[in-house]
Each structure stands twice: as C-alpha cells, then as structure tokens.
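First, the structure itself, so that you have it in front of you.
Lettered A, B and C in written order, each chain numbered from 1.
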Amino acid sequence: MDVQDLVEYRAIEELKYRYMRAVDTKDWDLLASTLEPGVTAEYGHRLTFEGAQKLVRTLSRIMTDDIITVHRLSQPEIAIDGDEATGVWALTDRVIRKRDRVLLDGASIYRDRYRRGADGAWRIARTTYERLYESEVSLDDTPTFRLTEDRFAAPEVR
Amino acid sequence: MDVQDLVEYRAIEELKYRYMRAVDTKDWDLLASTLEPGVTAEYGHRLTFEGAQKLVRTLSRIMTDDIITVHRLSQPEIAIDGDEATGVWALTDRVIRKRDRVLLDGASIYRDRYRRGADGAWRIARTTYERLYESEVSLDDTPTFRLTEDRFAAPEVR
Amino acid sequence: MDVQDLVEYRAIEELKYRYMRAVDTKDWDLLASTLEPGVTAEYGHRLTFEGAQKLVRTLSRIMTDDIITVHRLSQPEIAIDGDEATGVWALTDRVIRKRDRVLLDGASIYRDRYRRGADGAWRIARTTYERLYESEVSLDDTPTFRLTEDRFAAPEVR
C-alpha cells in the first residue's frame, strides 16, 4: 500500500457510502449511479440480481414507504489491483415493516468487487453478502412500541 | 481529491469522533473544544441550539446520569473548499432512560459544516441531522430486561 | 500528522477490522495473526487475558456455535509514536445465546496499544475496553422472536 492507494480507497469508500445512503433514503437515481450496468448482486440466499436496471427496479418496487431500512457499514478492508478492487465490509441492518408490524435485525459480511471506468470513477461491479444472523420479531410482542419519527410517513400521520 | 486532502479529512473525522465520544461519556469540556463559539445545531425537529455555550449547557443539564446514550457514526462523505468543509454521516443512536424505563432507538443522516481556525484546527460550525426513524418502547414490555453494566450508575447500585 | 502517517493508520485500522471479523466468524487462526504473543486484554471487568495463546484458546472454547456475536467498530482516533501506536474506538456488540435464549446488547470504548514488528506488520499489544452499558433480556419476553438466518446453525436446523 502506498499513499496514492489511499486516494483510491477513499473514493471506493465514499462510493459505497453513497450506495448505502441511496438505499435507506430510497434515492434510486443515486443508487443507479453507484453501479456498473452489468452489476451482479447476491444479498444472502434470497435476493440475487443481474444488472443494475433490474436491481434498482426491484428494490424500488419492494421498498415502499411502508418499509424503513437502516443499513450501517463499517470495518472496510480494501485491496486494489489496477482498475479492479475488492472490499470486505461489516454490515448491520434494521428493517421496520410498519403494516405487518415486523422488526428485522441482521448482520452480514459484504464482499464486493469494484471497477474503475474510462471516466476514472469507481463503480460496484459485484456485491455479495453472507449473513451472520437475521432475526424477526413482531412488534405486537412489545405493545408500547411506537414510531416517534418516520421520514417516510404520510404527512397526515407524521 | 489529492493526497493532502486526506490529511484534512482525517482531522475532520477525528474531530467528529471526539464530539460524539464527548456526548456519550458526558465530557462537556471535550464537547466544547470541538465546537465553534457560534455553532448552530439542529437535531431533528425538537432540539435546536445557537451557540456552543448554550448547546453544552443544555445537553449537560438534560443528560444526567439517569440517561445512557450510545451514538455511532459511520459512512463519512467529506468535501473541502479552502478553510470550509462539509460532511455527511450516518448515525445510529440508542438512549436508555433508566428512571422512566424507556428505550429509544434512532437513525439519522448528519449534514455538517466545519471551519478551520487561525490555529489550523477544524471545528464544527453547523451540525444538523434528519431522522430516518426514531422509536420508543417501554422496558416494562420486556420484564426480564436488566442492565448488567452501566458506566453512569451510582456506586452502590453498580 | 503527515501523509505517511495515514498509511500506518490504515494498516492499523485494517488490523483491528481483521481482529473483529475473526471474532465474529470464529476464525481463530486469523485472530491469532492479529495479536502479539504477549498481548494483554481486558474486556470490561470480567474477561482479562495475558498472552495470545490463552486469549485465543479461551475465546474459542467459550464461543461455540450456540453463540452468535456481532461486534461493530467505528470512530477510530489513532496516534503513532515510532513503532508504537494507540487507538481509541467505539464498539457496539450484540450477543445471541441460542440455548438459554438470551439477547445481550452493549457498547464500549476500546483503548488499544499497537506495536510494529521487525517484519513491518502492526499487531495488537494491549487491548482494553470500558463499558458504557450492557443489557440482557430473555428472548422469552418476545415470544415471536425467531432466527431467520444463522451462519452457525447446524445444517439440519438451517
């Protein structure tokens, strides 16, 4: 690793942070901008995608305002080889499904591949994660639970 | 972004980490050292401050030893323009209010402005966050809940 | 801090991330590779170790597949002095004990010492943390709780 590598690490980290912020704010154009057109994605056993367009379309359809997601990345381990790079990340995530009153918590290890385009920008070429665990619980188990803030609430409910 | 920018990014990150550590350890002098005197702060809709002295005084009054807070920052996106800089951060926070037995969980996106002083040190000039969500639940919903460690417990209770 | 320090900070950060990933994936060889032979470790009041071999052996015995752990590091504040360095970190951790159905949540401040060996690699020489809080709750309080993913489940249960 030399000093110039650090500039590339930083660019890759901020790429990944934009990707994650795009998901949690449901900013689908921002999400698309972080992906190679031919990206492959495997989120555990259940969600796999081929192609940025399919990924963005499906997520935008699934993740309605009924669903609050919080994904938090930390612990990046990055390695660069020319215009290719790999990244290992720790993820924790929480999903609140308001209508059917489910709280999901999980933790994963992401393993990604990045590619630098002709424009000099890094994009996600392949993203996969392995779950350490995922749990679900009904909010009916904790009857006093209430949302006191919700960015995605309809205005009259907010 | 060039290599020298990375030195400034690092300084801004460690500034923000000291700020957050100061809040969770209730170290009000450390907190004051991270703020410009004229700082403005907007924590969601409910907590807004003008001036470092007011911010520190109010927080120190509100956040008694009855309250445990855990704030965790990740995903920094920083940009520098001369002696000014902006930062976007992911926050998760948990607050445990022991006396009235409430557990609060939340997640936010911070958007800050930093300024470099005549002494070369960066300080927080403006800090705002937008909540993704915030939830509250009574600890009476989970009757077996107990604190097995508490940095702020009175010695006899510890 | 100068630019070359950033290369060392990065090496120390990735060391600490490997250490943490080793714990959560129960990869005891990877864990051992991050430690000086004479490492001392103090995890709160209850878990203290002298020596890498003892630490790794004890953790590997305690942390059976019955136990899921998720440790997440953020907010590094690092300082280097020659071949020695110190690091302050924020930690949150969750432990799920499947057999006796306990969920533990905690948050700590890590304070570490690192040393650079003759081979140029940084290793952990001393690691300590102070708990902000730790809580336990029985999963029987939330009867609908279920694990939907578990990396350490026996194949037939998975």
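What we mean here is this: contacts are C-beta pairs under 8 Å (C-beta built on N, C-alpha and C of every residue); 3 or more make two chains touch, one makes a residue touch a chain.
Treat the numbers as computed from the prediction; the structure is a model and nothing was measured.
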Turning angle required so that chain A lies on chain C, C-alpha fit (0 to 180°, nearest 5): 120
Same-residue or different-residue interface between chain B and chain C, half as cut-off: different
Length of the line joining the C-alpha centres of chain B and chain C, rounded to whole Å: 24
Of all residues in chain C, the ones touching two or more other chains: 3, 6, 72, 74, 141-142
Chain B-facing residues of chain C, complex: 1-3, 6, 9, 44-45, 72, 74-77, 88, 90, 92, 104-107, 109, 130-138, 140-142
Partner chain B, residues of chain A touching it in the complex: 3-4, 6-7, 10-11, 14, 17-18, 20-21, 24-25, 68, 70, 72-74, 94, 96, 141-151
